[in-house]
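There's a structure below that I have some questions on.
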Amino acid sequence: MKRYYRRAIQDLLSNRFLNSITVVTISLSILILSAFALFLANVGDLVNIWRQGVRMMVYLQPDLQRDRIPGLRAEIQNMYGVAEVSFIPKEAALERLRNQMQRQSSIIVGLDHNPLPDAFELRMIPTTQTGGKMETLAKELEQLPEVEEVEYGQQWIGRLTSVFNLFRLAGSALGALFFMAAVFIVANTIRLLIYARREEVEIMRLVGATDGFIKAPFYIEGMILGALGGVIGLGSLFLMYLAVSSNVEASLTGDSFTLRFLPPEMVGAILLGSIIVGWFGCYLSLKQFMKT
Amino acid sequence: MKRYYRRAIQDLLSNRFLNSITVVTISLSILILSAFALFLANVGDLVNIWRQGVRMMVYLQPDLQRDRIPGLRAEIQNMYGVAEVSFIPKEAALERLRNQMQRQSSIIVGLDHNPLPDAFELRMIPTTQTGGKMETLAKELEQLPEVEEVEYGQQWIGRLTSVFNLFRLAGSALGALFFMAAVFIVANTIRLLIYARREEVEIMRLVGATDGFIKAPFYIEGMILGALGGVIGLGSLFLMYLAVSSNVEASLTGDSFTLRFLPPEMVGAILLGSIIVGWFGCYLSLKQFMKT
Amino acid sequence: MEADAKSAIIRIFHVFKSYGTKKALVDITLDILKNEFVLVTGPSGAGKTTLLKLLYLGEPASEGQILVDGINLSRIPRKRVPILRRKFGIIFQDYKLIPQKSVYENVALVLEAAGKRKRLIQKKVRSVLRTVNMEDKIDALPPSLSGGEQQRVAVARAVVGDPKIILADEPTGSLDEDSAKDIINLLKGFHTRGGTVIVATHDKDLIRKTRGRLVRLGMGQLMDSTERLSPAAEEQAG
Amino acid sequence: MEADAKSAIIRIFHVFKSYGTKKALVDITLDILKNEFVLVTGPSGAGKTTLLKLLYLGEPASEGQILVDGINLSRIPRKRVPILRRKFGIIFQDYKLIPQKSVYENVALVLEAAGKRKRLIQKKVRSVLRTVNMEDKIDALPPSLSGGEQQRVAVARAVVGDPKIILADEPTGSLDEDSAKDIINLLKGFHTRGGTVIVATHDKDLIRKTRGRLVRLGMGQLMDSTERLSPAAEEQAG
């Protein structure tokens, strides 16, 4: 095995031109793929931050005693999909309404009593924030005798959800497409590389080398090229990330959003993937050249 | 010239393996690039549709006579950045408020007079929908004696705008990155292609062929490969688009959104670009091999 | 003419070889004995190289049977082809050196492929390169060698693995008289140590000075096969 | 020894060529006259191929001056190198045929590069391939040809462009006696029609049977240069 490594390293050095072109191509493919993954990951973060703004109002019966609030709160807290429950007394609700109404707040000034009920405001866990699941939860809440009415931005959420779903769908489709494209580009490049060295393969076979003996260094080389390409591709992405992230974060003050790099598992997966693809490119081409 | 074309075609046929691999790689690069462009274009459409929901309310002085409305409307219509002006009489505004308020509409039921003023609702042209430009317009409107107050979702728009800007920035950066990556991948692949045929180049030089004679067919081949790659790449994208678009549109009922393909100019630009890159790849490699 | 089957290392029995419509070999039947020295001659395009190719399975025969050291070539599984090829040391007409590998690596390749120890490889490669007078070019790449130097490396590679049979296709075509003599002596030495040698050549000198069987091909057919016990038999070679 | 400068087509003046530390040619001074037939010989690695390479600028000389048909090779601009090369018809030691192109295309290439008409090209290529006996392989690809067949295609390519000078590097190395005779007659015919021929060879037969000047190289140095008015001068060639 050790001697195969030595031969692989020798081969890499004696075909420097071919190999450097191959590594550049692999790096670029990995860069495309990982840049897109980074983009999706950060957009996903952003969407999640937004979603934390999605709330559900649970209006209570006007005659409900305030001492029953803690029990009710605990009960709601335990319902499926609820992340956080906070109590909004009707005084606070009126104040909030006044602020929200801006110009039309003149309406409220003239009121002689507060017509609003007490309420709970719920925050949902992110996975529950689809139209269907929120509706289920709302129905369940309305079954409670203490609850008069449940309100949430049905229409808005439905619309946003469908757009996010479209986005996620398109993102995954593009991601899958880019993944396949990257795999094929890398495999193809390695095929060209081995094609340019097919004479060598042929000569080795003629002097009695077994297929295994011939293939082993190629596989090692393919994996080294894949790994190098992966490291260089991810490395360049990381440098770009560093250059960009400070600027972008500055322009996004107000959101609790930090641009983040790909998670370590993802980095590992991409590196592993590029090694496997390097191997796979060798596999394809060697299969072809060894047949004849 | 004609004989160069003939030689180029002959060469393409006699190096079928190399050329088919090259075309596949080019197609994939073009596919990546154009798929991403398609993605951005459609997201852009979606954003524009949303933005058409961005409105500005111009509340008029309570004592303004209704016969001055048409003149004022014309004046506002002519202001920079205004796309559409519609008049909302105060009765309609109250009705609308009632609908908007949902649960809290009980407040309105008890009113003895309508406290709301007449208003204009403006739609802005998309390029004016940044926080800054809207603010300028709002200030200008507030200068008018007939106007009491201007209201728009300052905070919401500012936030949305910064997110859209981030998105656009990231999209353009990724697009530029993908563009450069595609250019290099194509150029590199063509370099490998020509490298595999460097012996031929060398022999032609030894038998007295001029550089022009040697290069011409390669350039033609490079451009044909580029064009083929472009057509195949865009063709596959179009097929995918056809397959996906019907499903996606069905899932997006409610929005006046149709998934569209890249505009013809863009398709033309991508084709032209892939031809140029084919040429460019040849240029790079020939420059290198002809030197020695 | 039929050799004793017991001691035949190569048996060729009614073999045909066509490339498309081109008949390169027609009905060749020939036995080659262990430790024979065979010269194959004939005009350009007669099928000499093709005949050698069939032996090491560089090409499959179109018809007929070939046995090499007891192996039937039409039945050999793909996996065992390397074992067949290690029985041969082959000097190719176009040398077939790997251009990116040094002279040393090209020669060492045969031993590495056979799984020999690194120590042994170094010793053997150096000693073989010395016998063909190429030890000073040990690190050169083949494209930087003269035609004759390349041919000598090809010879070195053919003998380094201690094969049973040497197939030499025009092994002196690019060599001056002295170098050619060295190569022929090398082949003769191999023969003396018990090896079997098959040389395809046009070289009148080589044919004249070498004792052994002379096989003549013409248009793919076996013209004659003459045992020449002393180099004096030369005139028959005409 | 010094030839008349007026009629010299090639003048080589104190030329050295080194590859790294390796001295391939040392202080060569040699004039070759118009319509001369020169045989360059010497052992493997003596510098024969290198000498030819310097003439067609396959390699630049390290030192010294070379004039070819009035062109000073050390001053020639890059753009005019093809014009220099079209003065030569070159038979390379390793043939240098383009493997993906047919025999016809390989030979036609020279004329196409010179901008000849398609009609003329077809006629000439066919007729030249006929003289080297390769007309039946006109559509074959070089890798499917025998060694001798490839060499004959290389010869055809060298003569097809009506060059002023033919450089032939071991042009009969892979050929049987009859084919070799054809090639030599072709070269002689070219010489008779006024061409200049320089042949690098080990082939004793060729040297013996050819009248003309014999230039001997050894270790990169010019050993001697003998005018042999009749082939009988052979013994000096030793």
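By letter and in written order, the chains are A, B, C and D; residue numbering begins at 1 in each of them.
Methods note: contacts are C-beta pairs under 8 Å (C-beta built on N, C-alpha and C of every residue); 3 or more make two chains touch, one makes a residue touch a chain.
Keep in mind it's a predicted model, so treat the numbers as computed, not measured.
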Checklist outcome for this item: Neighbours of subunit C that also touch subunit B are A, D
Next on the checklist: From the C-alpha centres, identify the chain that is farthest from subunit B.
Outcome noted: C
Item to check | Rounded Å distance, subunit A centre to subunit D centre (Cα mean) | outcome: 67
Next on the checklist: Taking the mean of the CA coordinates per chain, how far is subunit A from subunit C in Å?
Outcome noted: 63
Checklist entry - If you average the CA atoms of subunit C and of subunit D, how far apart do the two points sit, in angstrom? => result 30
Checklist entry - Looking at which chains touch, is this a line, ring, star, complete or other? => result ring
Item to check | Pairwise chain contacts, counting only pairs that touch as defined | outcome: A-B, A-C, B-D, C-D
Checklist entry - Residues of subunit C touching subunit A in their complex? => result 56, 58, 79, 81-86, 88, 90, 92, 96-101, 105, 109-110, 112-114, 118, 157, 161
Checklist outcome for this item: Within their complex, subunit B touches subunit A through residues 17-18, 21-22, 24-25, 28-29, 31-32, 35-36, 39, 42-43, 46, 57, 59, 97, 102-104, 106-108, 110-111, 115-116, 149, 151, 158-159, 162-163, 165-167, 169-170, 173-174, 177-178, 181, 184-185, 188-189, 191-193, 195-196, 240, 244, 248, 251-252, 254-255
Item to check | In the complex, subunit B residues that touch subunit D | outcome: 3, 7, 10-11, 14-15, 197, 199-200, 203-211, 213
Checklist entry - Where on subunit C does subunit D make contact in their complex? => result 19, 41-45, 48-50, 93-94, 144, 146-149, 151-152, 169-170, 173-180, 202, 204-205
